[in-house]
Structure formats: C-alpha cells, structure tokens
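Paired with subunit B in one complex and with subunit C in the other, subunit A is shared by the two complexes that follow.
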Partner chain A sequence: MGTREKILLALIIISLALLAVILSFGALGAVPLKTIRPLGSFYLYFMANNNIMIQEIYPSITKPSDFWAASTEGVTAILWDYRGLDTLFETSVFFFAIIGSVSVFRYYSASLEEKNKKNTNNSSINTKTSDQGLSLIVKLITRINFVVIIAVSASIAFHGQLTPGGGFQGGATLAVAPLLAIAALSRYFVEDVGLKKNTMLTIRTLGLLIIGLLALAPLIMGLVGGNPYIMENQPKSWAMFIGFPSFGLGVLLGSLAFYNMAELLAVGAGFTVVFLLLTLPEEFFKKILSREVGEQ
Partner chain B sequence: MFYLLHLVMLVLMMSIGFVFAFLAIMERDLLKAVVFSAGQAAAYVIVYYLLMSPDIVLAYAAIGVGIYSAVMIIAIKKTERYEKV
Partner chain C sequence: MLIELVKTIIFFIGMGLVGLGAVFDLIGALGLLRFPNFFVRLHAATIGAIGGAVYPLIGVALMAPSLESFGQYRWYLMGGAIVTALFIVLAAPTGSHALARATHRAKVVPVEPKVVDHLEEDKG
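Our next item is the complex of A and B:
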C-alpha cells in the first residue's frame, strides 16, 4: 500500500468517525427510530382506514375517508396517491431516458442484418442461435430461474398496494430475468424467443399509456357526475366521483393496483430494451459512425 | 436487548459494506471490482432491511446487485478489464 492510499484510507476513516459522532449525538434522532414521526403516523392512521376517528390527536378531521388511500402500504399510497403527480413525472423521465438510448442506437436493424449475413457466409460456425451461450447446466438453471424471477416480480408488483413492493421494484426485478437470459443464452436467442426490441418498446409504451389513461380516468368518470381532480383515487368530500373499486383488504384496492401493473410493464420492458441495445456487438456501429465523422 | 442486537447487526453490515466498497475502489481488476461492488450492495440491502424500509430493499437488491453489475460488466467487456496505473 503506497503513501497515497494510506492517506486516502486515513481520510475515509476520519470522515466516517466524524459522521458517526455527529449521528450518535442525535442528528437524525435514534437510529433505528423507536417512535413514529407525526407525519408518518398520520399516513399510517388514515391510508388504510376510512372510519377511524381520533379526536384527541386530529380534532379537525371529522370525515376520515377524505384522507383514505385504500391501501395498507404507506410507500405505494404516497407514491401513487398522495404524491401521485411526482411519480407520474418520474416515470416520464425514465421514458425519455430510454427514448434517448434507443435513438443513439439508430442502426439497430441494419446491424442485425449484418450479423445474419455473416452467419450465412460461414455456415459451419454458429448456425443456430441456440448453440451460443454458456454450458448446458447454466442454460437449464437460467431457464428455471427465468420463470421464478418473473413470478417473484409479479408478486412484488401485483401485491404492491398491500405489502412492501410496487411497480418500480417489480419492474426492476423483472428486468433481471432477460438480463440473465442474455448472459447465459446469448442475446440473439432472447430475440428469437420473442423478446424483441420493438415488442419491448410496444409493451413499455402500452404501460405508459395505461398510466396516462388511469391519471385521466377520474376526469372521464366525472362526466357522469361530480368534480374529480386528476389522479384521484378515492372520492373526497370536496371532489366527489364514483371512485376506483375498493372492496376491502385483500382484494383490488383503488387505482394503486392498476398503476403498479402498468408501471411493472413500463419499467421491466424499458430496462430490457436498454440491455438488448447495450449487448449489440459494436463493430458495426464503429464502422458506420467513423464513416459519418469522415474518418476511414 | 433486542434493540442492541439490532444496532450491532446494523454496525456489522455497514462495516462489511464499507470494506467491500474500499476493495472495489482499490481493485485493479475491474471485473473483481464489480463483484466487490455487488457485495457492498448485498450488505446494504440488509442495512436497509434493518432500518425498516422494505420497499428500498426490493428496489436496491434488483438494481444494486443485478442491473448495475450487469451494465458495468457490459462496459468492461466493451473496453478493458485491467485498470492502468
């Protein structure tokens, strides 16, 4: 270890010790907290209960269903109901980020044709895409894991309004499945199975379209009667409308379940598009781009 | 007693994460550095679980261990494996 590394290590240790001292004097309160902060207890009281009356703490709340999100999961309730528009814009940021990466790889189909041409030229090597990838054991285990990961991600997202989880978490987990398949079975095999770039783009756009329609759904329902606002989940006394179905705990609860499903599609397919693009062999792109810049 | 156990686990996992992060920075073989980084993420998953944020656990486990490592490995495959001094 050189002198520079020793100084670096010492600096890291000193700054960590300083941080530990600051924290132990209670900069963030006791970690982990023994009590719930007032804002947190408000959400915990009212997000799942539409008939609880706590006059001694909240004397001004006479109609608890006004603050009801029809969900037992605080994070999902805040993400898609109390602070719904934040998440809507966050999802659109993700959408545009992936549009950017798709537009960078604009010779996608041409590069695939090049690969096919190369394959037919030397047909003795790599004729079948199923011959590519890692060994048989890894491939078999990946096939089993593929199904399991998709099942887990579905359970995270579809149960997200009741237990920890939600659309983004489920989508990020879902994206690991095609990633494993790309690593173990080769990206061309994944495309042959049907996880093509354009299919994934369509699924992702569909997810975002559903989110947009769900956000506008209260306004459309309001045509029948009432005065709802955008992304409203349950009817409020100042903005009455029919409301999304909330049959009670254990069944579909409000709009959150639908938002989670759509977000699962959008995030999972979005990540898959990026991986399919990133794992393209880059020789073709280098050739085309150097021609564009004028180098030979 | 239980509270103390909680804190001890927290400190232990934070320390493991710190060690992994340090190894990831110091490693010249970038593929190994990615593996150390995934180890740091795995330790922090437990830290977030102890800090009672299960939603972060679900997102961090998938992104920190799976997606981030994969993107880094793709980048290493397309560039160079060993860091030059």
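Our next item is the complex of A and C:
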C-alpha cells in the first residue's frame, strides 16, 4: 500500500468517525419526537375507527359515525374526503394527454388489417398472425403472461381500497399486456383480440364518465336535498346526503372501489391507445397525413 | 404437536431456500464477472434471476404460514410470493432466450470462445 492510499484510508476513517460523532449528538437537526404529534394522533384516532376514544376527546360528538374515515389504510383515510375530485382531475390530465396524441394521429381507423385488405396485391406483407413475431417460446410465454398480467392488474385495482394499489397502478399494469403482445407476437394479434383504437377510446371515455358522475353525485344530491358539500366521501350525518361510505362498509369502502374500477378502464385503455398508435409503420402514417395536407 | 413439528420443519426449509438464494446470487455475480462472452454471461444472469429470486420467494411462501403475528395478511404474503415466483419462472428464461436469439441473429456479438453453436449449424 503506497503513501497515497494510506492517506486516503486515514481520511476516510477520520471523516466517518467525525460523521458518527456529529450524528450521535444530533447536530444534523432536531431529534425525532418519541411521542406522536397532535396532528398525527388526530388522524390516527379517526382512521383507526376507535369510536370510544373519539368520544372521550370530543364529547360533543354524539354519534360515533360522525367523523369516520372508514379506511384501514392511512393515506386513503387522509385523502378520503377529496378522493372523488382528486381522481376526476387526475384522470382528466391523463385524458387530455391521450386526446392530444390521438389528434396527432387523426384519421378514422388505425387498423393495419384494413390497410392490408385494401391493397391485397401487396404480397410483401404477410397478414397471417402465426407467422409474425418472435420465436415460438417467446410467443407461447407471452400468451400465458397476457392473461396473468390482466389478472394481476385486476387484483391491484379491485383490492386497492384495502391494500396499497389502486386504479392508476392497475391500469398501468394492464397496459403492459398489449404492449408485450405487440412486441412479442405482432400488432395483428392485438387487433385480432379486439383491442382496436376506437374500441379502446370508447372504453376510456366510459371510465372517465363513470368517475365524473361518481365525483359530482354527492354535490348534485346535496343540492337537491339541501345542505350540500362538494366532498362527501366522508360521512357527514348532518348533511342531507350522508356520504358514500354509508354503503358497502368494510369491503367496498364507499365509492373507492368504483373509482378504482373506472380508473382501471380509463388508464389501461388510454395507454393501449397510445401503444397502438406508436406501433404504426411510419409510411402508413405519412401517407394519410400527406393526403390530408393535399400533397398527393 | 405433530402439526407444530411439521410447521417448524417447513419454516426451516423456507429459511434454507432463502439462504440458497443468496448463494445463487453470489454465484451469478461471480459468473457475470468471470465468464468469457455475452451468451455465457447471460446464463449467469439467469442464475441470479431463477436461483436468486424464485427460490427465496418459494422460501418466503413456505415461511409465511408460520408467521402468526401477521394475522390473515400472511396468506396474502404467501399467495403473492407464489404468483411472483411463477411469473419469474416463466418470464426470466424467455427474456434471456429472446435476448440471446436476437443477438445471435443480428451478429452483434461474436461467439468467441466457441465450443458448439447449434443455431449456426441449423442455418447451415
């Protein structure tokens, strides 16, 4: 070991020792509290559904269900009341992103099959699905995984109100299945299954519609009945419409499960549309664009 | 009594599998460093994926029923571990197969040193 290495080693040891001393005296900031902060205990009391404790702290609450988050998961409990509008605007951002990319590829049908039907004399393109894609091993495993991925994404979304997960995560997982199929099998396989551009667009519009209706339903019902609240995912027993958690407690947890299902549709189908459009051959796309501009 | 014994034995088999996974990861890492060309190194990487991920996951699935403090969540743990293990068993070899085949067909990497090359022989 040369002198350089010895000095380097000594420097590393000295700096580590210094760091240890600094850390053990708490010089990098305040030492974390050993007790729960007031805000934390507030959320914990309401989240854990400990009704007797709530009544001890807030004797004015007569009914234990007045402030009931009704969720077993912390993040969901805190976001609960905002969940509907949160999901609506979050999905709207995604919706407009997809609409933008669809408008770039603005022609009616993005189907390769129909294109090949039109010019059947073009023998260089083989339309038989079995002849496309990677080797037999990859194709077989992709067919198996196609089903597995869809099942896993459904479990992520449909169980999202109880365990970590949710609609967006489930939808993003769902979109991996067609992407894999496009890469390993071919675009024709995906179109054969029925995942076409316009079908997918319809599905995701349906998902967004369900989310919008669910999010605005409490407001509309409150406006009709009086004493309305914009966000009524958390039960408000004094309001006309008590709130979504008043049904399906324990399993569905109010509106959450429905938001997750609709979000799964919207996000999964949205990503699939983009993947379908991005895998179009460039000549096919350019030909239609030039026809639109008028440069035949 | 007998059930407890069987449970303990299964738990220790699971622990053994997790330990075996660490060994396979080490072997895979050594192979990645020592093997001479791309195709053999790909084999070493798959050792890390199958031996280093699938065996520990099966081990976790065997250990999970004994973890009574987890309550009902231990069954979620077990199911998740089994499904993930199955998925990796299917996906990892397929992935390295596709990689190796594509590399061979594109002739990106020379097969050097070569003992046998059946793909090239098949092509003639």
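Please note the rule applied: the second predicted complex is superposed on the first by the 170 of 296 C-alpha atoms of A that agree within 3 Å, B and C clash if a C-alpha of one lies under 4 Å from a C-alpha of the other, contacts with A are read in each partner's own complex, and residues count from 1 in each chain.
Throughout what follows, a contact is a pair of C-beta atoms (placed from the backbone, for glycine too) under 8 Å apart; a residue touches a chain by one contact, two chains touch by 3 or more.
Given the structure is predicted, the values throughout are model-derived calculations rather than measurements.
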* Asked: Does the superposition put A:36 against subunit B (first), subunit C (second), both, or neither?
  -> neither
* Asked: Does the superposition put A:10 against subunit B (first), subunit C (second), both, or neither?
  -> neither
* Structure fact -> In this superposition, the partner of subunit A with more touched residues, subunit B or subunit C, is B
* Does the superposition put A:145 against subunit B (first), subunit C (second), both, or neither? -> second
* To do: Considering only the touch criterion stated at the top, classify A:164 as touching first (subunit B), second (subunit C), both, or neither.
  => first
* To do: Pick one for A:278: touches subunit B only (first), subunit C only (second), both, or neither.
  => first
* Mind working out whether A:134 is in touch with subunit B, subunit C, both or neither, as first, second, both or neither? => second
* Where on subunit C is subunit A touching in the complex? -> 76, 83, 87, 90-91, 94, 97-98, 101
* **Of subunit A, residues touching subunit B in the complex** => 5, 9, 12, 16, 31-34, 75-76, 156, 164-166, 168-170, 172-173, 175-176, 179, 183, 271, 275, 278-279, 282
* In the complex, subunit A residues that touch subunit C -> 134-135, 137-138, 141-142, 144-145, 148, 152, 163, 184
* Structure fact -> subunit A partner, complex, touching residues on subunit B are 3, 6, 10, 18, 22, 26, 50-52, 54-55, 57-59, 61-63, 66-67, 70-71, 74, 78
